[in-house]
Every structure is written in C-alpha cells, then in structure tokens.
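Both complexes shown next keep chain A, but they swap its partner, so chain B is in the first and chain C is in the second.
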Partner chain A sequence: MTAAIVVGAEMPLKRRLRRAERARQLRALGLVLPLFLFLLFTFVIPIAGMIWRSVDDWEVPQVLPHTVAALSDWNGQDLPSETAFAALAGDLQAARAAGTVAVAAKRLNYVVNGSRTVLTSTARNLKTAPEPGTAKATLIGLNPAWGERATWAAIKSASGPVTAYYLLGAVDLTRDVNGAIVATPEDQAIYRDVFARTFTIGFGVTALCLLLGFPVAYLLANLPTAQSNMLMIFVLLPFWTSLLVRTCAWIVILQGEGIVNGSLQWLGVIDEPLRLIYNRFGVYMAMTHVLLPFMILPLYSVMRSISPAYMRAAASLGAPPATAFLRIYLPQTIPGIGAGCLLVFILAIGYYITPALVGGAGDQMISAFIAFYTTETVNWGLASALGAVLLLSTLVLALVYGKLALGRQTTGGLKN
Partner chain B sequence: MDGGMMATTQALVRFVGVQKTYDGEHLVVKSLDLDIRKGEFLTLLGPSGSGKTTTLMMLAGFEVPTHGEIFLGDRSIKNTPPHKRDIGMVFQNYALFPHLTIEENVAFPLTVRGVSKAEVKERVTAALQMIKLENVASRHPGQLSGGQQQRVALARALVFKPALVLMDEPLGALDKRLREHMQLEIKRLHETMGITVVYVTHDQGEALTMSDRIAVFNDGIVQQIDSPDALYERPVNSFVANFIGESNVLAGTVENIEQGFCRVALAAGGSVVATAVNVGGVGARTSLSVRPERVSLLTSDDGDVGFNRLPATLKDLIYVGDHTLAVLAAPGNNEFMVKLPAGAYSGLSEGQAVTIAFRPEDCRALDPV
Partner chain C sequence: MSANHSTQTASQRYAWLATVVLSSVIFVFLMAPILAIVPLSFSSGAYLTYPLPGFSLRWYEDFLNSPRWMLSLKNSAIIGVASAILSMVLGTLASLGLAQWKSKWKPLVLALVLSPMVVPVVITAVGVYFFFAPLGLTGNYLGLILAHTALATPFVVITVSATLQGFDMTLARAAASLGAPPIMTFRRVILPLILPGLASGALFAFATSFDEVVTVLFLAGPEQRTLPREMFSGIRENISPTITAVAVVLTVISIGLLTMIELLRRRNERLKGNAP
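Let's turn to the complex of A and B:
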C-alpha cells in the first residue's frame, strides 16, 4: 500500500521535473545554437576538410580508373599484365580527350620525379589504340619508363582512395618501391627541420614572454587602481595597433640604417651596423613584442585573485620575502603561467606574417610552407598534411596542459 | 588608566609616543602609549577607523610608525621586518595557503625556520590534536568549514611558539553560535599555553568575554584601558560609556561638587546626584550616564532614601526573553531604557506614569557630549 503511494507520488513528480528541465535545456540550446552553427561552418567543417584533404587521393583513380582496377591484384614484383597496359592505354586516350592528363601527371610526379613527362608524352604520342595483345610493347616503345616497375608502383601507390603519402611526407618519410616506409632522401627532407625550428622559436618566444611578462603582470596586479589602469593601457596599446604596422615598425627600428644602429654608431659603440633584422634575433624580438599581452593578461587575472594577505601571512610566519614568493606566491600563479604559456606557444607556432617580414630564409616557420603549398604550387595534399601535423601537436600540448591542470585540481579537491 | 603605570620589566611590548598617518594630513593614530603585559589577553576595541587595526599592523610590521618607537622586550622593532619579529598572526579571512594541505599549512612556519623533519611532524601533529583536527590533515583549506579553517589558522600561528600572537578580527566571518564557541576555544588556548594575545575586534561582547584588559580606541586615541568589569562599571568618558554596553544619557549643569559627588541640575528640570568622574567646575555642562540595569521602576513613591528619582512615562515594553526592556520618556531623554528582570513587569502598562530611581554611585557625570 505504502509502496504504491510512493511510486504513484513519485512518477508525476519525476515527469514534471523532466518537463521543467526540458524547457530550460531547450532555452539554453537556443542561446548557444547561433554560435554552434557559426563554429560548425567556419571551424569544424574547414578543419575536417583540411584533414580529409591530407589523406584524400582522388587524381589517379579519377583519371585512370581502368588502370587502377587492373592494378588492384598486381603483386608488385614483376611488370603488370597485358590487361593493365591495355587499360592504361585506354585511360590515357580518354584522359587526353577530356584534357585531364595533367592532373594525374602532377600527382604521379610527387612520387617519382619525371613521371609528369612520361605520362604527358605517352598520352600525346599514343595516336591510336594499340592492337589487342600489343599494348605492353607499344607503351614501352613510346617510353621505356613503362618497362620499369617503379612507374607502375607509383601508379598503384597513388590509386587511392586514401593515402598516407602526404602525412608521411610532412614528417620526411616516404614509401619505397616495395611499399616499405623509409626516410625521404636527405636532399628533400626539410619538414622535420622546419617543425623543429617552429617549436624552437615557439618555446623561445614563450620563455621570453614569461620572463618579461611576469614582473609586469605582478606590478599591474599590485599597484593602486589608478596607476594600474594607466599601465594596463600601455600593455593593451599594441593590441589596438595592426599586426602589420607593428611588424613594420620593428623593421624601421632594427634595420641597418634604423634607429638602434644609428644611435649605436652615433655613440661610437659600433663601427659597422649590427645585423638586427632578417635573422632569428629580429623574429624573436618582433614576435615577443606582439605576443606579450597574451602572456600578461592571463597572468594578471590570476595574480589579481591572489590576496595580499597570503604574503603577509607568510611573512608573519617567518618566511623572508624570497621564500614567501617561491613557496606561497609562485605556486598560486601556476594556472596563469600555464594558460599564458599555452596561449603564446600555440599562437607563436602558427605565426606567418611576422617571420616572413622580419626573418631570414632560415627563419621561416611551418605556416610559411603551408602558405607556399596552398598559394604557389597548389599542392593541397601536402599543405593539409603539414597543417594536420601542426594541429595534432597543438592538440597534444593542450591535452598535456589539461591533464596537468586537472591533476592539480584533483589533488586540490579529492586527495583525501 | 593603569597602562602607563605598569612596571616596564613586566611589559612585553611598549608603544612609546607612536603616531601614524597615511596621507600626511590626517593622523590615524594620534598618540599611542601602550604597554602589553606578558601573558595577558589584550583586546583593542573600537569602531572602524579608530586606529586599532593600524596599531596591530604596526606591531606586526606591515606598517611603519610615522613617529615614536615600538619595543618588543628591550629592543626597538621599528625597523625589524615582519618575518624577523617572531610574532604569530591570525588574519581576518584566515589567509590559509590554498595550494597547501592543512598539514603543510601548519608546518610552514617550522619549515621556513629549518626545523628537522621529525620535529616538524611531531609538532604539527600536536598542534592539530590541540585544535582537534587531526583527521583533516591531508585536506586542502577549501574543503574545510569556516570554523575549521579558523582553528587551522590558530594552530599555524601558535605552532612556532611565538612570544606574541596577534588576531585581527578573526571571528568576523563566522556565524553567532560558532563565534561564541570559538571565543571560548581561543580563551582556553590562551590559558593553557600561557601566550600573550593582542586581539582586535569591534564587537564589545567579544571583547568583554575574552579579555584580561581592553583598550578602547576612538579617533586615533586610546580612550581607556582597563579590565572588562572596570571598563563597564567605571567608564572614564561618555564615549566608553556609550560604546561598551547600553547607557542612558542625561544632560545638565553642575551645581556643586562635594567628596567625589556632584549635584547636577537637568536641562529639562529636576536634579540628580552623580559620581563626579570627569566634570569641570560648578556651572559647567556635563552629561550623565546610567546603565539600564541599574535603574528601578517605582509605581508608588516608596523605596530607598538617597536614590535619585525622576518622573517618567512608560512608552513601551519590549520582551527580550531573559529580561524585559522598558522604554520611557524621562526629563531630557525620550528613549530612557530600563532593564527589568524577567517576570518583574506585571502590572505595568504603556502610558503609565512611573518614577525611575537610581543610586548616585550608578550615575556617572562624564564630559559633555
């Protein structure tokens, strides 16, 4: 009896609660929906598209469909069968008629240098379809490259629908004729160096920002409001100036006939102008300046929340200023340090304009290469693959930070 | 004021002619001569802005006196930085380090002094036992209730056995019941450990409950420094009389002064005899202070001879539980309060004409308000 009453009383209540909650949830959803859709179209879909392009392999299957089909059961040890040669001859003629030979030729040229010529000249010279059974001889006759296993291996490796070719290439790896993953020949291997350079500059700029930003943030958080607001304006001033203008200002300041060199020469400190720009020094200088507010602001907001009572308490308990700072103040600023460093580092490794303007040839970061492949050579696959590797390393970093931050919280909340 | 008369050998801390100004124009502490005796519980009591917290901060070393000297024992500590003063301090909002566990918080003053690990462990355990919080040793301050945090702050300020412990309104953030409990706990710790405590509060009840002596601050000056009962029973001026406990004020002119008593003609008519505490000569204006619980209500004209008697009209009776508060219209004071013991008000009704009576000893003529 009692149980029935309890159940009877409980059910409508639960239902009512759900209904009330549902209305609230729908309202909340309605509020976030515009941003969600915006992010979907401007962020999620482009990123997904980029990642897809880094593995998408559509050129060869589209231009040479019959060849791809004929090569599907090729063992890769000897030359393919007569059927494959016949299929290729047919595909090439069709492609020439449609004007799409260059598309496949460009893709194959990535794998084996010179494939472009092999394909285009063969297509051009193949006037009529070869007699049945003579396709192999005809093609080898037109270009001896068809008698080489590597040419066919290139077609097979590019026969899609997806490929790891670009991703491997982005980290200086490739497949040899037998399909095994090997290092890219030394004269073509550049991306590991570029990534290393990108991360080195990223770490360097982050460290400089922390070193310069920490005392400023401390001052901002501890000065009286009027003075702190004034100082804050100086910190934010660069924010309100265009990135390009700021970078160009550095060129004016640091160039051979610039203000710094001019002053030093006038003072007689140096005889020849110092090389301050179009090298690594200029990159560090300009990037640190541009990114400094991103370090100062999170640090400031965390330091603002640290009550001065903690330092007083530490002093009253017998800690000299340095000890109190290291053991009481600094540990409480770690969330700010973490957030600031993560922000600056992630922004720094994606920098493009500043290194392009104030750096030398050896100071270009990965973004410059991504831009080069998208705008100059239209190699979307490699550009996307480089972008994907950059995205992945950023994600790993963010995850590590999240783990560390969460770890701190967990020990802070649930250690016992 | 017996602070100045104390033998200097007994004084642990001496303020000599201390002044403090923040803006160079207005003195927050005007002139402070104060002795703090070894082992006593001294409370600095006063309204906000009276200079009591500034005094405490100068003692802790977070503020520097503009003028004068502060001695701890025999040496001047005017230029000693806070961390070398060996003075424990409990802050208003506890200031427990949020990134350290309770254990690490309490161990902090020991580890910065380079005490050996084994001894730190032992003393921290003892300190946590003292405040009955051994079971939360590995938690963080954020997981503790306000009262628990307050006790940890106490343990942390006591664990390094400082000569002096300062407390800056430490119970301000606690609710009433917990505050009363903590008052007794702090008192117990003071008595069992024999430490010297300087306690700042604006709550007079707290000051009366806990202190050996209370220094009443107003306007940058110590108005009176005395034991709680002396302060309550024998205030030296009208500020102290009104700040500590309830007080009825009557204004009048001194007619004559004789053997410590004076006859005062009330401005609104009638005259009373009062203890002359702080009066000018004959003809000077003065204000009289009478405690509500020292006044009786008479419905007839009987009662002891020698009492001051004034006619009054009963305006209101307020039931407060353990007593009843009668509000009367008396000559020159329309809000004259009388505390009646529980059950003693039967037969009284609002609008009734009564007589208020009090002894000359309970009526103190203080400076004009």
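Let's turn to the complex of A and C:
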C-alpha cells in the first residue's frame, strides 16, 4: 500500500524534474541562438560564399549558354561541328547586345592567354548572323583562332557549373588542352613560392618568439608575484598598443635616417645607413614584436603552475642544474611551448597589415595576394581559392591548438 | 627559484643573472617602439629624427585641426561603441546560455563562436565584402559595425564565460527558492556580480574594433574611414609627424583601456573572495 503511493508519487516528480530540465535546456539554447544566427549571417555564410566562389564557374555558361550546350557532346579531338559555330555566333551577338562579352572573355583569358582579344574582336566584327552552314567559315575568317582546338577546349573547360581551375591555380597547377593536370608555366607559377614564403616567415617569427619569449616567461613565472605583476606591464602594454602604432614606430626606428642607423653612424660603426626596413629583416622585426606577447602569456601561465618541488627533488637526487632543467623543467613546459607556437604561427600566416607596410614586394604574404585579387585585379575566383587554401591550413592548426588548449582548460593566454 | 638564494649554487646564480639580463634586453625591445615614438610627436621639427630640434605641440594641433583626422576619430568612436554594445549583448546572452547548456553539440557551437578570432581577418573581410556588397552593406556604418561585432564577440564570450565560471550558482538557486522569477534573479543577483566581467568584455570588444583595419579596408567608403585606416594610408604614403601624434593619442587610449580592465579584474577577484 505505502509502496504503491511512493511509486505513484515518484513518477510524476521524476517527469516534472525532467520537464523542468528540458525547459532549462531550451532556455539556454534560446540564449545562444541570437549569437548563433548573427554569426551565421556575418561570418559563416560569407566564408561559405567565398569558398563557393573558388569553384563557381558561372561566366561562360551565362554568357555563351548555347555554345556550352552545343559543346556538351564534343569529343575534344577535332574541331566542333557547324552547330557549335552557329551557336557561338548567336551567343556572341546576344552577348554583344547585352554588353557581357567582356565577362566571358576575362574568364577565358585565364585559361588561354589571348582569348580575351579573340572573343571581343570576333564579337565586334560579327556584324550579321552568318548564313546557315557558313558559321564555321565566317568565324575562322574573322579570327583564325577559331580554327584551333585549344580555343574550343578553353570554352569547354570553362563550361561550369563548377571548376577546379582556381583551386589548381592556387597551387600552381593547371589543365592542358587535353584536360590533364600539369604544372603552370614557369612564368605564371608564383603561389607555391608565396605559400612557402608565408610559412617560412611564420616559422621564423614563431622561432624568434619562442627564443625571446622563453626567458621572459621564465623570469616572470619565477619572480615574486608583486615584481612579476609590475614587469608584466612591459608585456601587456605593447600587446594593447594599436598594431598600426607599433608598425609605424618600427618604420621610424629602422628607416634610413631612423634611430638605429643614426646611432650606428654617430658611433662610427657604419658609414652608409643600413637597409633595415621594407625588406625581410623589417618584417621579422615588426612581426616578432607584435606576436611576442602571444608566446609569453601561454608560456607564463604554464610555467607558473610548475611546482618548484620538482626541481628541488631533482637537485636532491644529485642532478646538476642544467640536467635538472633539461630533463625535469623543460618537459613540463611543453604544453605551453606547443600552445604558444601554434598560436603565434596561426596568427603569423594570416598577417596582412604589417608585411604590407614594412615589407618589400618580395616579402608579401598570402593575405596580400588575396586582398590584391579582391580589390585590384578583381579575380574573385583566384582570391577565393587562395583564401580557401589559407583557411584550410589555419583550421587544421587551430584544431590541434584546440585539442592542446582544451586539454589544459586554459584560454592559452588569449586576451581574457 | 630566485626566492631562496642560500640554496643556490654559483652556476644557478649565473643562470638566473643571465635570464634577468636577457629579459631586460627583451623588455627594451618590447617597449622600444612606444618609447621611440613619444618624444618625436612633441618635436618642433618636421623630420622624424633625433636629436629633436625643440619641443612643440604643433603636431597635436595639426591632428585636432584636421577635418580628416577628426572625422576618422568620430568614425572609430561610433563604430567602436556600437560594436561593443552589440557584441556585449550577444556575447553575454550566449555565455549565459552556454554555461547551462548540456549537449554533445556544445563544443562545436563553442568552436564556431570563437572561430572569428582564429580565422585570418583577411578571409573574413573578403568573405564579408563579397556577401555584403550586393546587400548594400558596404560604404556605410552598419556593415562595418556588423563585421566588427562578429570579430569582437569571441573576446566577450571568453571574458564573460570566465566570470561565470567563478560565479556561485547556489546564489541564483537561493534567489529562486525565495520566490524570485528568473528575470529578477538575473537582474538583482547575477547581473551585479558579473558586471565587472561584462564591462571588461565590452572594453575588449571596443579595443578590437578600435584597432581593426583589414575589414575597414574592404568595407568602408571615404566617409567611414577609421583612425587606423587613416594611419594605414598615412604610413603607406609617408610618415608625417602628425601620425606620431595620432599614435601617441592611440597609445594613451590603449593604456586607459588596459588600466580599466585591470581594475575590473581586481574588483572581480575581490568579489569572488580570493583577493591577494
């Protein structure tokens, strides 16, 4: 009897608790939702859109729709049939009327250099629609390029709806006239160099930051709190100073009539000013300065948590100080070294402003090319493809960083 | 290690001395740019070289009397304040939700919320530019405020979440058991206690927007150029002493923000009851 009452009373309570918990979870979800939707609109969809642009091949299908359709069953070996020539003639006249020839011409020019002129001049000179059956002769008469397989292969390769052209181009690959993937001609192959340069500068800056950051973090972690808090200002103040201010200051310090050259000349060490800025040296100097706090802070937070008892234990067991440091202390700092290096490297390879201002033409990193193709030459496909490659590299590294940082339950010295 | 000198061997003392000397040099390296630029901004000469020909405030006057610099200061303030408010509201709500939400999707959502901090700004800027341009969100304040809010919110989420981690949830339960509805519990119990965290989150957000230049390069028209954007063009062309004056003004603002955040952090530590 009593047992029945207890059981009867327990079930609704359990259910009520479950319901209350569900309501709590829904409320929690409701609180996260606004930010989620906001980031969807201002971050996720824009970046997804950028990635889509890196494969989107809309120009030729939109401007030359009938040609694309006529070429769909072309074998690619001989010249296309009369139907394709007629379709092209029709498309070109329509495109000229709509003023869209340049759009397709620009896209085709990426595939075969010179196609731009072929397309625009043909469209301009094609006064009337060719008589049925004479389209082939008419077009070849207007421009002999139409008698070449390569011109048609270019149109075929740009027929969409998606293309690997930009992504291949971002790693210096292209397709030849037969559709096989080959290396880009030497004079146009620059992006592997740019990526290599980006990663080289990233590695260099990371190594310099570790070299300079380690002693500072060690000092701060081993000083009494009051002193280390005081000295921490020297790390935090530059960290908080505007990037532009710091970059500008390095130019002032390192330029031809700058402080460093002035002092060295005054001391008689050099006669001519050294070239310290607008080259790789300036990039390393300024970027190391900007990113050093990102190395010091995670290193410091790890070193702070290392108990001095370990080193004392090592000493009491007879380890010389250097051995104790290398075998006992250093291994315990590895999580901090890992987090700091990854953070600095991730931030370094995405840098744009500092190399743009203190580097020379040969020191520009991948971000500069992304910006260049977006605003200057308007090759959004290539800009997006380069962006996609950079994004992929960053995300892989960030994933590793997340595993490291979450494992230690810290924010890795990020501003907090 | 430094604390107990009596137990140290000579080699340990040398190693420690070397660390101190090396670190001092690195501290100079860290502070050099700021130290170098401050005196130049007070120079009476037009060249950025030492020794200074004399002291003057002419470059500060130049800054204050230039409509271009004043417009950019106004733009930076408007965009900074607006994105700070927006990201504080969105970030605080999300942090409160994330603190209670239990789901296997939580790490994924958290990663998404923090990712604007990791993704290279140029990628965000280019993506937003492609997406915003057809929507008419380039060349006006709104687009910039939205983009800056996206970049700044992770800092608010990190700061507020850290504050909430130190928050004693039994206080909220006590309020509820005394009959306070959730809104009142939030307003009267939770909010006053996490307010320092919210304020530092907002300051972080403001600082992020105030220093941001890459999205401004893509999204801003001539009328929305911010202070860092003007500096960028100024440095590209040639560095006039006016820029050094602007740099000093910006540095003073940074020091102000840093001081406020440090004071808030200490207050928060005190509220949590583990003050040093």
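Some points to look at:
Definition applied: the second predicted complex is superposed on the first by the 365 of 416 C-alpha atoms of A that agree within 3 Å, B and C clash if a C-alpha of one lies under 4 Å from a C-alpha of the other, contacts with A are read in each partner's own complex, and residues count from 1 in each chain.
Keep in mind that, in the parts below, contacts are C-beta pairs under 8 Å (C-beta built on N, C-alpha and C of every residue); 3 or more make two chains touch, one makes a residue touch a chain.
Everything numeric here is computed off the predicted structure, so don't read it as measured data.
Of the two partner chains placed around the shared chain by superposition, chain B is the only one that A:P331 touches, whereas chain C remains out of contact.
In the superposed pair of complexes, A:S307 makes contact with chain B only, with no contact to chain C. Judged by the touch definition given at the top, the superposed model places A:A207 against neither chain B nor chain C.
Of the two partner chains, neither chain B nor chain C is touched by A:V103. Of the two partners chain B and chain C, more residues of chain A are touched by C. In the superposition on chain A, contact is made by A:L391 with chain C only, not with chain B.
Applying the stated contact rule after C-alpha superposition, one finds that A:V171 touches neither chain B nor chain C.
Look at A:I140: by the touch rule set out above, it reaches neither chain B nor chain C. Residues 320-321, 415-416 of chain A touch chain B in one complex and chain C in the other.
Contact residues on chain A toward chain B in their complex (touch as defined above): 307, 309-310, 312-321, 323-324, 327-328, 331-332, 412-413, 415-416. Those residues of chain A lying in contact with chain C across their complex are 24-25, 27-36, 38-39, 41-50, 53, 212, 215-216, 218-219, 222-225, 231, 234-238, 240-253, 255, 257-259, 262, 289, 292-293, 308, 311, 320-322, 325, 346, 349-353, 357, 367, 370-371, 374-375, 380, 383-384, 387, 390-391, 394-395, 398, 401-402, 406, 411, 414-416. Chain C meets chain A in the complex at residues 1-3, 9, 11-12, 15, 19-20, 22-23, 26-27, 29-34, 36-37, 40, 47-50, 90-91, 93-94, 96-103, 107, 109, 111-113, 115-124, 126-132, 146-147, 149-150, 153, 155, 157-159, 162, 182, 204, 207, 210-211, 213-214, 217-218, 228, 231-232, 235-236, 239, 243-244, 247, 250-251, 254-255, 257-258, 276.
Residue ranges of chain B in contact with chain A, taken from their complex: 60-62, 81-89, 91-93, 95, 97-99, 101, 108-109, 112-113, 136, 138-140, 142-143, 156-157, 160, 166.
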